[in-house]
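The structures considered in this document are given below.
One chain, subunit A, links the two complexes that follow: it is found with subunit B in the first and with subunit C in the second.
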Partner chain A sequence: MNDLTTVVDWSRWQFALTAIYHWLFVPLTLGLSVLVAIMESLYLKTKSEKWLMATKFWMRLFGINFAIGVATGIILEFEFGTNWSNYSWFVGDIFGAPLAIEGILAFFMESTFVAVMFFGWNKVSPRFHLASTWLTAIGASISALWILVANAWMQYPVGMEFDPAQMRNVMDNFWDLFSGIAVNKFFHAVFSGWALAGVFVIGVSCWFLWKKRNQDFALLSIKSAAWFGLAGLLLTMYTGDGSAVEVTKHQPMKLAAMEGLYHGTEGQGFTAFAILNPDKDWNNDEDEYIFEIAIPRMLSILGRHDANAFIPGVTDIIEGRDIINGDTVNTVSYAERIERGKMAQAALRNYDIALEKGDSVAMNVAKADLQKNFQYFGYGYFDDVKEAIPPIGVTFWTFRIMCYLGGYFLLFFVVILILVYRTRLMERATWIQWIAMASVPLMWVCSEAGWAVAEVGRQPWTVQDLLPTKAAISEIPASSVIVTFWLFALVFTVLLVAEVSIMCRQISKESKKNLSSNKA
Partner chain B sequence: MTLEFFQAYWWLIVAVLGGILVFLLFVQGGQSMLLDAGSDKRRDLIVNSMGSKWELTFTTLVVFGGAMFASFPLFYSTSFGGAYWLWICILFSFIVQAVSYEFRRKKGNIYGTGTYDAFLFINGCVGCILLGVAVSMFFFGGSFTVSRGSLLDGTAPVVSHWDNPSHGFEAIFNWKNLILGIAVLFLARMQACLYMMNNIVDDPDFFVRLKVKALLNGGIFVLFFLWFLAMLLTADGYTVISDGFRTTEVEVTPFKYFHNFVDIWQTAVMLLLGVVLVLYGWGRSVFTKKYTKGIWYTGIGTFLVVVALFCVAGFNDTPFYPSITDPSSSLTISNASSSEFTLRTMSYVSILVPFVVAYIAYVWYSMDKKKLSPESLEKSEHKY
Partner chain C sequence: MIFSFTSIFLLISLLKLTDESLSKYHTMETVKKIWFFYRDGFREMTVGKTLWMIILLKLFIFFVVIKLLFFPNLLSRDYDTDADRADHVRKELTK
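Coming up: the complex of A and B.
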């Protein structure tokens, strides 16, 4: 395969493109579905028309967003086969199961009850309709659970063993898949969807206030969304802290990349702001930052919940240096990992030859060699330690963008909650209405940045320490992947433009109706 | 329960999902009629009749893919990564479908209702034909080689190699595959007519029109299906003997699939019963005056026929994905499956499938109790 590198790079771009587009729609689905279900519950409890109108209005926007999320979702599943064929074989025994279970348990629930949600107002009883709305929301979250369990497994592969006869990994413990990374990742993603939906509803409602249309409806929506969004954001932050601890434990290289940290210390500070030195490499003496503002000891606190803990940098990890309880401990350097990875691969080759010949003695010898070094199997695909470093700049900046915006939105929700209970102030303060409207796209930037940290920080691995991207691909011509990348980019963009346009027109159209009473 | 049991069990689940999917393709069949609907009102009726079911078809396709991935990952790796363009075309047709229902009549949709209806039409035709092509490859094969040792090849570490440089286009333009593709399209169109005859009321002219269309489409379907069946029953196939996950022996067996029907007599019964039910549902709908329940007979019949076809494709030491270029690389339910642990684990989850089917049936019944009419569509709050 002459164009291996090109195929790898374009396959990565294609998957990234699909995932980025998909994540534009999914968090809104996750959050808005729950918010709508809460509103409909309040309607059924109070029989108040205002809740019915609010439910129907936000449900219509949910519907527009839902369809395009479904469209982009199918691509992701099938791209594992079309573009990551080797991955599908090498770890499909483990990775495929959550996807299949997601389909059986979640997709059918979502797709069945969403039809009742949209079309069932006059066809089923109010209670059945409410149950359908909740089941749609629950189905969306269950779907997220399984896909995030699968994703977390790529970050921290557990619950499996390597079968040399089949040359692939096979699952040996299903429950191990629900690792700390998986649990934190699931709640982090779902709650971030709540926060995003909160900002979206507030932004749209503020447009109503600015236009002085349906102000009662807008204030009601803002109150609901602000509490909902604030709860979501606080829980996102809490689970984000859990994620940081897990990353520190299981993906130290990713954490080092998130910080642009090359040489760690005990009581490591957190870089609040910095300009990275582009000339810095893992093995030169250049400074890490051109300029830095750090919060002392904060990274140790965040990563290990211990102000004095050692956090290794890129160079420390590559050279195999760690400090535990004040003592310097030598771990396995990356150079040794590469060497042992190649030994594992050679042992596997010998095992395969012995298996063909039926030589059980040679098979046992090869298997023992393989097991001794299998932990570093994936490193055997590298020729240079540098290949194992994730893109530092992207990981560093996307992490900061996520944190800065996360902090901003905490303040945002608090301010909105203070103002919304002073009704006249909220109605008159056009500055906050404009800020709220401008904050809507920022929330998407924040959400996408979070995913970029998770996925770019995992590079160059498809499955951490086990399978690098360059060994996970399909054997297809680079030209095919380039063509499909641009086709996807074109189609997704065309559909996104249409979706945004429809959403804006729908909001504008609805704003002219009386949204306080169904009788209008 | 042994690994062999779970392999067979999961192939049966894949067959069941395949059967449900082909039945639900009536949604695509309806979409393929949009361009000659007769009037805008009729077009809206078709779209809204299909619109409450499109997600079920879409979801079944996704679950079918997921089940294949989880239970037979070597198929996923070989077919999707190899016949790249076949699957990409299928995907594109379904991407444009998913948004078109919701967007087509919304103000601000930029490209106009006609564009989204064209998307639905494309999905209706291309989706059916290409899914038929993909299923046909279960019998007539693809050009691939599987070499697990390639995993250790630093310059090309890929296990599954597609030997035809067209990467799936050759499968699309293979006339044998197209026969089944066309049969699936006309089956879907015929079933769409029968579904709408059942689902839409208060438009007698449309009912008559649907009846005529059902007659024509059903006739074409029967011709192509018989052609496919004749090819299948006279085709040679491989018999693959495996030792665990490794193939030890492959031989060419004349009339392989005919023998499979004979050896597994239950499949022959299912096929015959399915064909009879399809013909009964079709015939009674077309030749009696007001009969509207034909869709249930053709639906159950379609399901039985597809399950029978999947069974003869995968059981009796038959490779469900034969390799034309390297017979020993052919994929069987033995050498392409997941491990016993994974299949067993997923089997526990599959116990919930009847529950899923039950709530889908209940929702279907509840939603279709009130039929669609031009008047009710006009009054509907949420319409496509």
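Coming up: the complex of A and C.
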């Protein structure tokens, strides 16, 4: 393995590790903040102390998660500047603008209102306190909005023009950043946080039931979390469907990888279960699957909302074949993309030479040549079309893990809702309490799997079609990346152990108090 | 950061204080109000103290150890002007 491959791979692992770790905290912050705000609203409306106690209890757990999670995302920005400096420069203000807005607006909203939320009981009016709780929740979602908009731009770069003099993408329309991909991504991620918080609250409350402590409090929490989680899950599914349509439109190769599909058809089925054939390649005649159970026409419905639509597979895309409304349409094949990408890069090289000579006429000619083929710029880094295929197995399985667990949690919320309104059943049925507790980590697996689909499925691109990972990387020694990878692994493990143990200790301590009345 | 502190300042000065706290705070100036708001808040914390220790330790590890020792911004460190940075990236992306 040469040094470039090692640096790229270790940097990717390092980025993945940091992002996975960061995402352990974010969805719980997004969901629990809203659930707590709802509970506090109910308290203000009913003046019932049970809602106040529930609000305070879950708010404390929110606080622990917030405190341990805060600033974990900043490491991703460090990595941009060191490992991915070409990328950081290339994306320019497109990435910078949303992140700057995030830093200023959402961060200040959060840090201000979080303080009032925790310190303000009895110091500010109840209405003002409630407003702060809601603003904390809204601030957290707004933070996520900017990051997800920036991420969506990498998947579908729009609203910018590339300037070879600055070597950056310059934003020409801010509102274009809110593409269908961005909007679906935002709502899918936020609502998935609601579902995750619902499962978390139910899991913890079931531990109370199992321990026979504060059962009224636990049942109240389960009721509200189950409704909240169910609403979040249904919205997650709805927006997941929207995401699938957007991916089909703008990242067909990702969709093909999600399905392990090489040769598409009209009315394409969805593979419910399959064993992928490891010998399958885009240009051989091997079967795609060793074993397969498919739901007829389902992928066409999912991807194009049309049971008869054609869904292209990896080979179709590489060869430049699509069928739209029954007509075969020739898209640009990958071989041609590679050629045009190389032409764009040659034009940029000419621009560089002309710039050094101060020859403005030659610069203009080179710039015009560059613009003609810029949309395929990144393909110029490949020597073989194979390099543009994402890892099929990981994308295929993580997509199924997300969807199957999504289905499981739908059933889970429904069963919990049925049981919780038959109070005695819920209190006695230890099997469901155990299932609920065991479901908590599964929900995190589901959520992280979602990110794996989105990010592994778009490989090898850091910016779709424009910049593959091997061009985005900085010239740094592999050894330093390997050292920092293990350093992060250590720091993150220690912090995670601290979070889980503080959280568990807090839950256990609080469970011994009377959580039905403030006077206890 | 500056924005956060400014906003905290503005916000607390606009707080509608409850009757109970009014009697305690009404003579104080805004700055004092903010000070007491935070001081009392921190004092009353239980699990919060451990969390603050973790936050501070974490920020130290992230910003002092990790950032300063291992994660320089390469283009800012190695080049003085944006034109030089652009030049470097252009050469990198076309080599």
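Throughout what follows, the second predicted complex is superposed on the first by the 512 of 520 C-alpha atoms of A that agree within 3 Å, B and C clash if a C-alpha of one lies under 4 Å from a C-alpha of the other, contacts with A are read in each partner's own complex, and residues count from 1 in each chain.
Please note the rule applied: contacts are C-beta pairs under 8 Å (C-beta built on N, C-alpha and C of every residue); 3 or more make two chains touch, one makes a residue touch a chain.
Computed from a prediction, not measured in an experiment: that's the story for all the values here.
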When subunit B and subunit C are modelled together on subunit A, clash or fit: clash
Touched partner set for A:274, first subunit B, second subunit C, both or neither: neither
Touch count on subunit A, higher of subunit B and subunit C: B
Contacts of A:164 with subunit B and subunit C, given as first, second, both or neither: second
First (subunit B), second (subunit C), both or neither touched by A:454: neither
Subunit B versus subunit C as contact partner of A:253, first or second or both or neither: neither
Touched partner set for A:101, first subunit B, second subunit C, both or neither: first
Touched partner set for A:90, first subunit B, second subunit C, both or neither: both
When the two complexes are fitted on chain A, the stretch of subunit B hitting subunit C, from 80-88, 170-178, 188-196 or 278-286: 80-88
Contact residues common to both interfaces of subunit A (with subunit B and with subunit C): 60, 63-64, 67-68, 70-71, 74-75, 78, 81-82, 85-86, 88-90, 104, 107-109, 111-113, 115-116, 118-120, 122-124, 128, 165-168, 345, 348-349, 352, 471, 474-476, 480, 484, 487, 491, 495, 498, 502, 506
Of subunit A, residues touching subunit B in the complex: 1, 4, 56, 60, 63-64, 66-68, 70-75, 77-78, 80-86, 88-90, 92-97, 99-105, 107-116, 118-124, 128, 132, 163, 165-168, 170-172, 174, 345, 348-349, 352, 381, 470-471, 473-477, 480, 484, 487, 491, 494-495, 497-499, 501-506, 509
Residues of subunit B touching subunit A in the complex: 52-53, 55-56, 58-59, 61-63, 65-67, 69-71, 73-74, 76-82, 84-85, 87-88, 91-92, 94-99, 101-103, 106-111, 148-149, 151-152, 154-162, 165, 167, 244-246, 338-339, 341-342, 345-346, 349-350, 352-353, 356, 359-360, 363, 366-367, 369-370, 380-382
Subunit C - residues contacting subunit A, complex: 3-4, 6-8, 11, 15-18, 20-21, 37-38, 40-42, 44, 47-48, 50-52, 54-55, 58-59, 61-62, 66-67, 70-76, 82, 85-87, 89-94
Interfacial residue positions of subunit A with respect to subunit C in the complex: 60, 63-64, 67-68, 70-71, 74-75, 78-79, 81-82, 85-86, 88-90, 104, 107-109, 111-113, 115-116, 118-120, 122-125, 128, 164-168, 345, 348-349, 351-352, 471, 474-476, 480, 483-484, 487, 491, 495, 498, 502, 506
